[in-house]
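Every chain is named by a letter (A, B, C, D, E and F) in the order it is written, and numbering of its residues begins at 1.
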Amino acid sequence: MTAKRQPIEYADASSEVRAVYDDIMATRKTDWVNNFWKVLAHDPPTLRRIWTNIKEVMGPGTLSPVTKELLYVAVSVSNGCHYCIASHSAAARKLGMTESQYSELLAVVGLASETNRLVTALDVAIDPAFL
Amino acid sequence: MTAKRQPIEYADASSEVRAVYDDIMATRKTDWVNNFWKVLAHDPPTLRRIWTNIKEVMGPGTLSPVTKELLYVAVSVSNGCHYCIASHSAAARKLGMTESQYSELLAVVGLASETNRLVTALDVAIDPAFL
Amino acid sequence: MTAKRQPIEYADASSEVRAVYDDIMATRKTDWVNNFWKVLAHDPPTLRRIWTNIKEVMGPGTLSPVTKELLYVAVSVSNGCHYCIASHSAAARKLGMTESQYSELLAVVGLASETNRLVTALDVAIDPAFL
Amino acid sequence: MTAKRQPIEYADASSEVRAVYDDIMATRKTDWVNNFWKVLAHDPPTLRRIWTNIKEVMGPGTLSPVTKELLYVAVSVSNGCHYCIASHSAAARKLGMTESQYSELLAVVGLASETNRLVTALDVAIDPAFL
Amino acid sequence: MTAKRQPIEYADASSEVRAVYDDIMATRKTDWVNNFWKVLAHDPPTLRRIWTNIKEVMGPGTLSPVTKELLYVAVSVSNGCHYCIASHSAAARKLGMTESQYSELLAVVGLASETNRLVTALDVAIDPAFL
Amino acid sequence: MTAKRQPIEYADASSEVRAVYDDIMATRKTDWVNNFWKVLAHDPPTLRRIWTNIKEVMGPGTLSPVTKELLYVAVSVSNGCHYCIASHSAAARKLGMTESQYSELLAVVGLASETNRLVTALDVAIDPAFL
């Protein structure tokens, strides 16, 4: 027996979990569900809650879907989450992100990380124009 | 006397530093330089080096300038840099970011931070489709 | 030869290191020592120092042992340490943490990470009641 | 005019926002709302969404309410969110956390941060017993 | 009354706390104790424990004292701890760190933060020569 | 086909990329290039830009080369970058870092991480002497 939670496949899922899987596939127009949801499924209320949040936050709004995925990748890099980088850069590519855009995204993330640290170290006072 | 580096104003700057300030203002079409550069100016080679990087990375490319600023804000929130959040959200607003878009940016950053931690805790295996 | 430090087994350990291993096993009432200590053993003073700290901090006090392990897991998730998540969630389970409690722990860690970022981005002023 | 979002007081809030404020006060049995919600109120859908999440995650479950607040504080320290540390340690105190327990919480958070880094640096392999 | 722990001055300290303050001053050959210790003093066992660790880790060894302080500053910048940056860069200056060296330290910290993120994003495989 | 960027070997590299590889090998007096550069090579302007930065920042200055590598390792541990820890600790060893010095480095990084969190949690006010 292992402590690590393994993905729960559709065939083995409760009806409560299947309802979320079905909504994920219908919303994304795909015929599969990625591992994140299958592992979250060990805790059905959290599965449902996180999916509801993702659906609302990543759904139609005033930022384009691809921009939201780019932001998701940038945060995931900052937090060192390899799975999240892989899954959200895949989502971004599906929405049209080019390799050149991905390179620029990485360059911005890297440089921001550098200047963030310099500013923190130097404890720079916020200019009145930025308040 | 204080150990903390204070901003160096144009009037007090060396010609090497002034050359960078001039290029910043010309590139940004503004008549002032923000505190980050004025504090970096205590170390002219770093001032020049970081400005050269910013100019190259944030300049014209395949991602729009406002998207790059949104990414900069997202990383700065992740790294907890208040000055950087203030300065780059100001830059994003100047480039057309609306308050509604800012709200969506924050929602994505927050939710990504949540799911990043869940994925890390659960050590989710990367789906073959994402490799 | 490899630069990466490999675990030092009891049979190969110095008497100084064995004394710490013995105390770990006696304190925990187990007959084995986990890899963290075996790798730290390349630096006996640090091995002894860290064990002394763990013994004092994680020992009897006003928070229950399982609560301390839950906190250890929460911090380890925040810092992205897979080994630490695995070892301290195992310790928490041994002390009685249920799978339902683990799910709630993860939910709190995830949500706190989300609101931490929102608060940082929005630079919320501390209410007088919290000072 | 300032870019930084200021708290929206009840008297100035829309009915949509007031409904959330009312639910927060009813749930917490208090007659005031803290600044986090008042600043989030600039974006009513996020205000409602985050409150719904907090209510669900921090509500009755298998971990005690005070344990959940302790975990919230531990994560907030790890993420460097001063407001969150102040507000959730206040919540923990209200639920019975003693100063001695708070000291122990801080000791665990600090020590976990230390060992997390040592483990990361040494790239310790997970013991089979922890898998 | 405030929840935030205020510094405990020597005159108001217990004999247990004074003993630590005395040892700090004797070890550092100074006639004052900085705020970190005075705030830790609310929890005497932690005060004593952390001081014992600092004394052992920062004491004589194979890395020079100033190198240890430089490393302390680098970590403190990475963790966004303003107090720690201020106190340990003061300690480094006292041990001979020049302003030019401080500038180089910051440049390394910034650049490492940038390349750390690039490597994480690109998930670079470790070269056999580094194993 | 995979989304993950694979190392580009010298034989397969463009002349623009080869010029950077050549400069890396000449500067480091080695006959090979490590994977970081080979993966960055998918984006030649970033390859060139990052190498230029590394060459300037890690080149001769007022901090010794080995001290700079120690700082690089400390930051990489703080950011959880395994590749960077491996490559820069290898570089430090090549420049003379002993195993005993590496142990002391790790001890400082760990302890700084602990006190950074304690200071953040306790929100310690900066002593006037440190300003």
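The criterion applied here is as follows: contacts are C-beta pairs under 8 Å (C-beta built on N, C-alpha and C of every residue); 3 or more make two chains touch, one makes a residue touch a chain.
Keep in mind it's a predicted model, so treat the numbers as computed, not measured.
Undergrad: Between chain B and chain D, which partner chains are common?
TA: A, C, E, F
Undergrad: When you check each chain against chain E and chain F, which touch both of them?
TA: Chains in contact with chain E as well as chain F: A, B, C, D.
Undergrad: Using CA atoms for the superposition, what rotation angle relates chain B to chain E, in steps of 5 degrees?
TA: The two chains, chain B and chain E, differ by a rotation of 120 degrees.
Undergrad: Could you find the chain whose CA centre sits the greatest distance from that of chain B?
TA: Greatest centre separation from chain B goes to chain C.
Undergrad: For B-D, which listed pair, E-F, B-E or A-D, repeats its interface with over half of the contact pairs the same?
TA: So the equivalent interface, with over half the same contact pairs, is B-E.
Undergrad: Where the centre means the average of the CA atoms, what chain is farthest from chain F?
TA: It is D.
Undergrad: Centre to centre, by mean C-alpha position, how many angstrom separate chain D and chain F?
TA: Roughly 35 Å separates the two chain centres.
Undergrad: Distance between chain D and chain E based on Cα centroids, please, to the nearest Å.
TA: Whole-Å distance between the two chain centres: 27.
Undergrad: Please report how many Å separate the Cα centroid of chain C from that of chain D, as a whole number.
TA: Distance between chain centres: 21 Å.
Undergrad: Name the residues of chain C that each touch 2 or more other chains.
TA: Those would be 3-4, 46, 49-50, 53, 57, 77-82, 86, 90, 106-107, 109-111, 113-118, 120, 122-123, 130-131.
Undergrad: Which residues, counting only chain B, touch chain E once they are in their complex?
TA: Residue list for chain B touching chain E: 3-4, 42-43, 46, 49-50, 79-81.
Undergrad: Give the list of chain C residues in touch with chain A in this complex.
TA: 80, 86, 89-90, 93, 99, 103, 106-107, 110
Undergrad: Mind listing the chain B positions that touch chain A in their complex?
TA: Within the complex, chain B contacts chain A at residues 4-5, 7, 32, 34-36, 39-40, 46, 50, 53-54, 57-58, 61-63, 67-68, 70-72, 74-76, 78-84, 86-88, 90, 98, 100-101, 104-105, 107-109, 111-120, 122-127, 129-131.
Undergrad: Per the contact definition, I'd like the list of chain D residues that touch chain F in the complex.
TA: Residue list for chain D touching chain F: 73, 77-78, 80, 82, 85-86, 106, 109-111, 113-118, 120-123.
Undergrad: Could you pull out which chain D residues touch chain A in their complex?
TA: 2-4, 45, 49, 53, 56-57, 130-131
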